[in-house]
Every structure is written in structure tokens, then in C-alpha cells.
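To keep things simple, chains are lettered A, B, C, D, E and F as they appear, and every chain counts its residues starting from 1.
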Amino acid sequence: MKGPEKVIALDLPPAKLDDAMQAYFAKCREKLGFVPNVLKAYEFDLAKLKSFVAMSDDLMLAPSSLSKLERELIAVAVSCANHCHYCLVAHGAAVRKLSGDPELAETVVANYRAAKLDARTRAMLDFSWKLTAEPWMVGEEDRTALRKHGFSERDIWDIAAVAGLFNMSNRLASATDMAPNAEYYKLAR
Amino acid sequence: MKGPEKVIALDLPPAKLDDAMQAYFAKCREKLGFVPNVLKAYEFDLAKLKSFVAMSDDLMLAPSSLSKLERELIAVAVSCANHCHYCLVAHGAAVRKLSGDPELAETVVANYRAAKLDARTRAMLDFSWKLTAEPWMVGEEDRTALRKHGFSERDIWDIAAVAGLFNMSNRLASATDMAPNAEYYKLAR
Amino acid sequence: MKGPEKVIALDLPPAKLDDAMQAYFAKCREKLGFVPNVLKAYEFDLAKLKSFVAMSDDLMLAPSSLSKLERELIAVAVSCANHCHYCLVAHGAAVRKLSGDPELAETVVANYRAAKLDARTRAMLDFSWKLTAEPWMVGEEDRTALRKHGFSERDIWDIAAVAGLFNMSNRLASATDMAPNAEYYKLAR
Amino acid sequence: MKGPEKVIALDLPPAKLDDAMQAYFAKCREKLGFVPNVLKAYEFDLAKLKSFVAMSDDLMLAPSSLSKLERELIAVAVSCANHCHYCLVAHGAAVRKLSGDPELAETVVANYRAAKLDARTRAMLDFSWKLTAEPWMVGEEDRTALRKHGFSERDIWDIAAVAGLFNMSNRLASATDMAPNAEYYKLAR
Amino acid sequence: MKGPEKVIALDLPPAKLDDAMQAYFAKCREKLGFVPNVLKAYEFDLAKLKSFVAMSDDLMLAPSSLSKLERELIAVAVSCANHCHYCLVAHGAAVRKLSGDPELAETVVANYRAAKLDARTRAMLDFSWKLTAEPWMVGEEDRTALRKHGFSERDIWDIAAVAGLFNMSNRLASATDMAPNAEYYKLAR
Amino acid sequence: MKGPEKVIALDLPPAKLDDAMQAYFAKCREKLGFVPNVLKAYEFDLAKLKSFVAMSDDLMLAPSSLSKLERELIAVAVSCANHCHYCLVAHGAAVRKLSGDPELAETVVANYRAAKLDARTRAMLDFSWKLTAEPWMVGEEDRTALRKHGFSERDIWDIAAVAGLFNMSNRLASATDMAPNAEYYKLAR
């Protein structure tokens, strides 16, 4: 059940969740203490909710040689370039949680170039930023730069896919004025 | 079976398709005559392929008060702002096919503002362009502009979601130098 | 005689062509099958028409160590950066005709960086794009890059002059909403 | 004869002028006291020189309901947007000469929005700036704004054509590092 | 005495503070618990430190009809446009402290347009953002917009002056890689 | 006493100057022949005037291994990037006065890249431009470039501080439509 606070600026009545999604929301409440508003935003249409959950969970949680923290750092750097409120708050919290380092999270929210990152992580975020700000300029020299830092072919895909996912979510959040759950602001401080 | 031509600039050996995806690829070959390279690009990982297909098919093909042509017009306008080769070629072909109007397709590939569009379609593409180029500037006044042209709350979501999808795909295609199938160039001329 | 379709969004009655321009238009009809709308747009003033024809023909057709195809590739890359409908359609058609390669044309319309170009052609288009997007940043290091790829002093002039010409034409076309001839869309497919 | 100071950063030996161009250069020396370096830059190729002179003189000097000063103001505003050294110096001097108001010239070189201009001139320069900075965004609403300030269809063409000319010249000057004649700096102070 | 952690990426040994500055630093320690690193960064030169303190304290703390919180909101919105790590952390903390609303602070750090602000505050930040991103476009219509929301002539100065101050500080912080004090991250959570 | 010409577009009655500021204004009249309008603009509030004078005089006039001319060149290059009328006129005049080279001044007003500068000065202005246009991109590699040209740690601070000062002043001047004194246009021609 949606609370009195609006999750997005569009008026879209929630659909009935199927068993799988009820279980998924229950798991969110159990693990996080709440259902992320991005999921509630999608609640109006079960097919959309399910395809978003499938893609997002695969990219952010499934096995990859990119750690979950690395993937969240990409999420935050992309969301910083796009000035996306929802994603900076929600994934800034995820960086706090995964790194145990609230300063790192706040720094990457502001500008990842100011964070003390190893050269590999820095290259990963430079690629993600360029792909966000000027995708048409990305080319072989950028992939080569990643390979020089030890990223595999699959890693390059994963970096691009996570950066791509947040270029999508940032826009959906901005287009709908999506509000982060109040809990995110306090998570893992 | 992948041909000798590389689909993307990353070396990612294809995984074995499950029955559902084999059927899906067969249906592509039957309907289109070929499997779109974006799907072959995802072929290295079944979970990723499936979540992309689910999301993309839901947004581009499932019932919506936006026609399929309208959704393809958004795809092309977004891809033009991002100068995405793969998506301009593949979705330019889709506009030709759905509209039966190759001039319209080529015009929107170049600049949708030069196309003879009704005010509603123009507003839809203005929103999509702004959401692509400056997502942080989108706000209530932009949603209001869409509502004035008769778009419902759900329609606004759908416009944003399609624009979001291509802001993701454009970046994945640019990051991997994804090549469109040769067939796309000739489709529905 | 102008057809019922408006060539530009300005209402400018055509002037009487002199013999030279009548012969020129006749030659267009003979060679191309039609008079390009950019010429009809200029038809309201004979002096303007003649100076445009003189400059454009000199830059695009007169002897130069840049091939005609190379010059058309510059035209298309510049027009892509400026999202110019008229020039992308008309000069995209010229690339098809001169190269016999419709895929190449469509690729350069989308983003020349995705085309399979030799390093020399790529450098030529990189220079043209930078000169279009940030002319104030172009300097000796950019000329040196061209010289390293074998371009002569005169070649550098020609690249800049063609890029300059389309930065002019793109703006005249956008300012007047110039429509390409219907024939261009089908030419050399 | 070219002096010891290089006019452009390219090494292009001057061609032999024909009688018409000799007369033209003589007239420049008589009226201005010198031959503008842009003409010396073109001196390596007679056809290019002549087509540039024809177009430039037609646009800047031939009858138009835009005054010569208005056309020079467009030249300077466009060149300011493009940070073009040659054109700001040469056409800044032209504004001084035609207006008798060196403060006006220096102000428009810096930012035309700071000059005390009537609303009509301001609209003309707003159009020229937008056409320079974001040509793809120019549309019917921009032409309507000019019409509201009393500009005719032909005037709109002329504004666009002059703005276009300097978008070409600015790029040729930047690409070749064209140096203004020393005399320009002192002209009409 | 500077601690082991470098405050900026430049090696500038601290000068000896005079009595006034010793007292000032003491007051910082008393009130805040620490001396802000921006002051330590200036510590190498007493005259620079004092002029910065004088200007900054006058603009941020002296009487003005803009509240201290409003001034800090401008600081954060400007620093967001400039992606300035130091200022987002330090002035984000100031917004938390003055508003007692950590969510507001984090929202304005991300994108002030997502915050629930009254129209007057929104107009103030819209002006500050435009002045930051495109100062050359600011004109009478922007001042008029502020006046319509009840801002006085003096208020407009104050908004511009605070926005100006952070356009300066953001650049000094970025140029020197200025690190915020660790205490700021936890302040007023 | 302010003359009939408005100095800024805001109506802010001048405050009474204290003895120090009266002496300062008298010295301006004695040395320059007039009180710079930026000071008159600040005259409405003595504390603001004094802190601006202190900071500005320290940065532009106090001992530094950057010459006064170098500091004025930074002022002009930054003001060019920001298209600031007041600062281009006032500090263009300062460059003329300090260099005795009006051509240099006019060139840097237009685009410092066209000026014949030694590599060290060019590096200084490249840093200042980047810090102005994209402060978030400035990092260790940019400081290293300055160090390679012989700039000390303190010099880097000074370059950043002067560039920062004009990023502030440019915005205050644009926000208030500050008019340069008429005398500046003629100074040191």
C-alpha cells in the first residue's frame, strides 16, 4: 500500500502484485526495511515492474567481476552527471552500505574525481562519465584505456550496461519527479 | 549462428540459448528475416538477453495508448540527440516499416523538428529530446505541456520510459561499437 | 517552375533567371533529374544564387586532392553535428552516389565514428567535427594532426573550406526550414 | 605582394591575380588603405578568391533593407559566439567605422546583450546567436519573433545569410589561424 | 597546526597567524569544533586569508534580507552546477545545520529542482543556476523574474554576490583539490 | 558623486564612504582619472566595498611571481569565456596599459589562442579557461602541466585565485548589467 506521500508526480494507481512480486516486496521490507520507491513507481503495471526488477537485479546483483560496490559507484557517477535526485540518494546510500565509508559516498555524489580511487576505478568512472555526457565520442581508444587497467571484454560490457541502466533510470526519475524513500537518507550513516 | 562480421567490438562468445530464446530468435528470423544484432550482442549471457528482451518488448510492443510508430519516433529522436549509429539505422527502419513513409524516417533521423508532425507528436518529441539532453531541467512545466496535448498520466510514463530505454541502448551500442545488421539498411525502402 | 510544395518557410517570389542560370538549372535537370531545392531557395535573387553556385561548385566539384567523395563526407559529418535536415538528405544521397555504398552514407549521417574509415579519412572528419563544434579550440596541434596523415597545406585549406561551407548552408537551411527535394530520398539507393 | 608577416598558418603561395582582382585589391588599398588579410589568404586560388568576394560583397554591401551597420553587427555577434579573432577585429573595426561609435563596437565584441540596442536589433542578434550556437533548435517560432519586430521575409533570409557567412568565415579563420591586418586595430578609433 | 592529512594538493607552508586570525580560528574551533579547511588552505598568506574571511563572512553572515539558510541554498545549488566536492560537503552541512532538515540538504546537493521549495526560493535558485551555467545570457528579464517574487534591488545584488562567491570558491577548490574536513560529513545529521 | 548614467541596472543608493575609502577613490581619480564603476557599484555598502577592494587589490596588485600583466591576461581570458562586457572592457584596457600592446589586448579579448604567447603563458591561460568552462574536470594532470612550465605551487594558487576572482566578478557584472566607465574604452590606445 502506498503511503500518503506521493512517490512520483504522475497519478498511476497501483496494480495488484502477483505472488512473485509480493514475495519480492516482502524481501525488500525484510532486508532494507522498506520497498524502494522506484519499485512502487513501477507498481502500476506488473510487466513493467517485473522487467525492470529482472534487468536491474541482474546488472547490480548477479555475478560479475565488477564488485557490487564498483557497480554502485558507476550508478552514482552517472547520476551525478545527470543531476538525478532519486538515484543519488538511493545509490549514495548503497555506496555507504557496501563500502562502510560514508565519506566516499558523499564524495562520489559530489564529484568522483575528488575521491581517493585507485587508477582502475578512476578509469572505470571516467569511461562511465564520458559515455553519459558524450556517448557519440566513445570509441576504441576508450575501450583500450579500460583494457590497460585490466578490465576484460565482459567487464567493459558490464561497465557500459550499468552506466546505460542509470542513464535510463535517471531519466525516468527526472521525468516523473520520483522521490526517494525517507529511509534512504539515513541508511548506513 | 553468428556470421564472420563482428557484431560488437568486444569479444564475448555466445552462450547457449534456452528453448524460449531459441523460439524468440526463430520468430525474429521468420518475421524480420534476421536476428537483430542487439540481441546477438546480448547472446553471451542468457539472463541479460532475457531481461533486455522483456523490457524492450514490453515498452515497444505491448499495449499502450502510444502507437508503435510513436514509440519508434521517440527511439529515433533520442538516438539522433545521442548520435547513435545502431539505433538510428535499426529504428529508422522501424519507422519506415510502421509508417510506410521513408521520407518521414529519414527526416526524423536528421532532425525531428524538420518533419511535418502534428502538435501532439511534436510535443512528445520535444519532451523526449529535453529529457535526453538535459534531464536535470525537466520538471512539472514539461509534464503540463504534455497534458495540454492530451497525454494521460500513463502516456507520460510511457514517453519517459521509451526515451529512457534508448538513452540506455544508445550508450550500450556506442560503448561496444555495435553494428546494425546489413538488412536494416534496406528494410522497407 | 516551382511546384506546389514550399521549398522554404519564407515567402520569396522567384526572380527571372539569366541565360547562364537557366542553362545551369537545365543541366541539373539533365544530370540529376531535378533542380536541388537549395538553388530554388536562392532563386529570388540572381546575385545570391550565382555567388552560391560559384562557391559551392568550386569547393565541391573543382580539382582538389580531396576526392569528391571525401568532400561529401565532410559535408555530411558537419551536417550531422548541426542536425541539418536538408544537408543530411541531399549530401547523404551524394555520398551514396559517389561511393556506391548506401550503408556508408547512412552510417556517416548517424555518426562518422561508427564507419569503417581509414585513419586519414577519420582524421579529416575529426578535424571537421571539432571545427564545427568548437571552432575556437582549433589550433596548430590540429593542423599538425592532419599533416601527419599526409594532408598538404592546400588540403587543410580545402577541408576547412568545405567544413565552413556547410556550417553556412546548415544554418541557412535551418533558418528557413529548407525542404530537400523528394528525389533525394531515393537517389542511388 | 605579401609582407613578411604570415597571414595564415598554412603555406600557400599566392596565385597571379587577374585584372578584375588586381583592380579590386587596388580599390581596397584606396578605400581602406590596405588589402584585408582574408583576401590575401584566398589569393592562392583565383576561383576561390572570386567566389568569396562575390558572396561576401553581395551579402555585406549590396542593397538590403538591413543597413550595412546591422549586417556588421550580425557579423560581430556571430564571431563573438565563435570566439573568432580575425572576424572580431576586422568587423569590430567595421562597426566602429559605420556607427562612429567605438564603444558600441567594443560592447558587441564582448556581448551584444550589454549594448543599448532597440528591440528590433536585439531580436535580430538573438536570432543570429541562436542560429550560431544551436542551429538545430531554430524553428517557426524564431521566424515569427523576427516578423513581430517588422522584419520581412527577405530580411529574415538576409539575417540568416549573413549569420551563415560568418559561421563559415569564422571557421576558415580559426582553422588557418588567420591574422587580422595591423591596420584594423586602429581603424576608426 | 595542520594535521597529517593534506588539505589541498599544493604544497604551501602555513604563515604565522596574526592575533585577529588566531582569535578567528579559535572561534571556529569553539563554535564548529574545527577550522574549515578552506581557511587552512588560505593560511599560507595572511592577506589572502583575511580578505577571503572578510568577504565570505560579509556575504554569508552579515545582515541581509536573505536568510542565512537562503544564502547557503545558493551556495549549494551553485556548487552542484560546478560539481564542487569541497563546497557541496561543507555547505551541504551548513544547510543541514540551519534548516534542521538533512533531507533538504541532500536534495539540493543532488538537484534543487527536486526539493519542495516555495516559488520565491525556486526563482532565487533558478537565477543562481543560470548565472552559473550561462552568465552571458542573464539579463533584465531575469532580474524582473526575481522582482516579481518580491526580491528587492538589494536582494538581487545579494543573490548575485553569493552565487558569484561560490563560482570563485568552487574553482579555487577544484584547482587545488581541496579536501573538506572529516567533521563536515557528520555535522548536523 | 555618481553621474547621470546608471552604473548598474539595480537601484542601490550609495552609502557614505569612510575616510579610507574616500582616500582610495581619490587615489583612483588621481592615478586612473576616474573611479572604476565596479567600485561605484559596491558603494551602496561599505563592508562589501572594502572586502572587494581588499581581495581584488591583493590578487591583482600585491607581490606575486605572476606579473601584473599575466594576472590581467587571466582576467581577460576568463572574461572572454564568460562573455563579460564590463570585465573585457576594463581589463582589456589594463592589458593595453601594462603591455603597451593594444593588439595583444584586443586579441586576448577575442581568443587568447590567437595571440603569440610563449608556451608558459599559453599553459597558464589554458588552465584558466578549463577552470572557467569545466571546473569539475580540473585535476592533478592540469596542475602537473603548469608545473612542467615552471610554475611553483604558489603560482598555481595565484592563477586559480585570479581565475576564480573573475568568475565571481563576471557573474556580478552580468547579473547587474554593470557598465564600464566610458574612459576605459580609450585608455592606453
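Simple rule for what comes next: contacts are C-beta pairs under 8 Å (C-beta built on N, C-alpha and C of every residue); 3 or more make two chains touch, one makes a residue touch a chain.
From a predicted model like this one, the values you see are computed outputs, not experimental measurements.
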item	value
Any chain that touches chain E and chain A	B, F
Comparison of C-F and A-B (more C-beta pairs in contact)	A-B
Copy-to-copy rotation for chain B and chain D - C-alpha atoms, rounded to a multiple of 5°	120
Same or different residue numbers at the chain E/chain F copy interface, by half rule	same
Distance between chain centroids, defined by C-alpha means - chain A, chain F (Å)	43
Whole-Å separation of chain centres (CA-atom averages), chain C against chain D	22
Centre-of-Cα separation between chain F and chain D, whole angstrom	29
Multi-chain contact residues (two or more partners), chain A	83-84, 111, 136, 139, 177
Chain-level touch network, classified as line, ring, star, complete or other	other
In contact (per the touch rule at the top): chain pairs	A-B, A-C, A-E, A-F, B-C, B-D, B-E, C-D, C-F, D-E, D-F, E-F
Chain F-touching residues of chain C, taken from the complex the two chains share	136-137, 139
Residue ranges of chain C in contact with chain D within the complex	9-12, 44, 47-48, 50-52, 54-55, 58-59, 62, 82-84, 127, 131-132, 135-136, 138-140, 142-143, 153-154, 156-157, 159-161, 163-165, 167-172, 174-177
Sites on chain E touched by chain A in the complex	80, 83-86, 88-89, 92, 102-103, 106-107, 109-111, 114, 177, 179, 182, 185-186, 189
Contact set on chain B toward chain D in their complex	111, 113
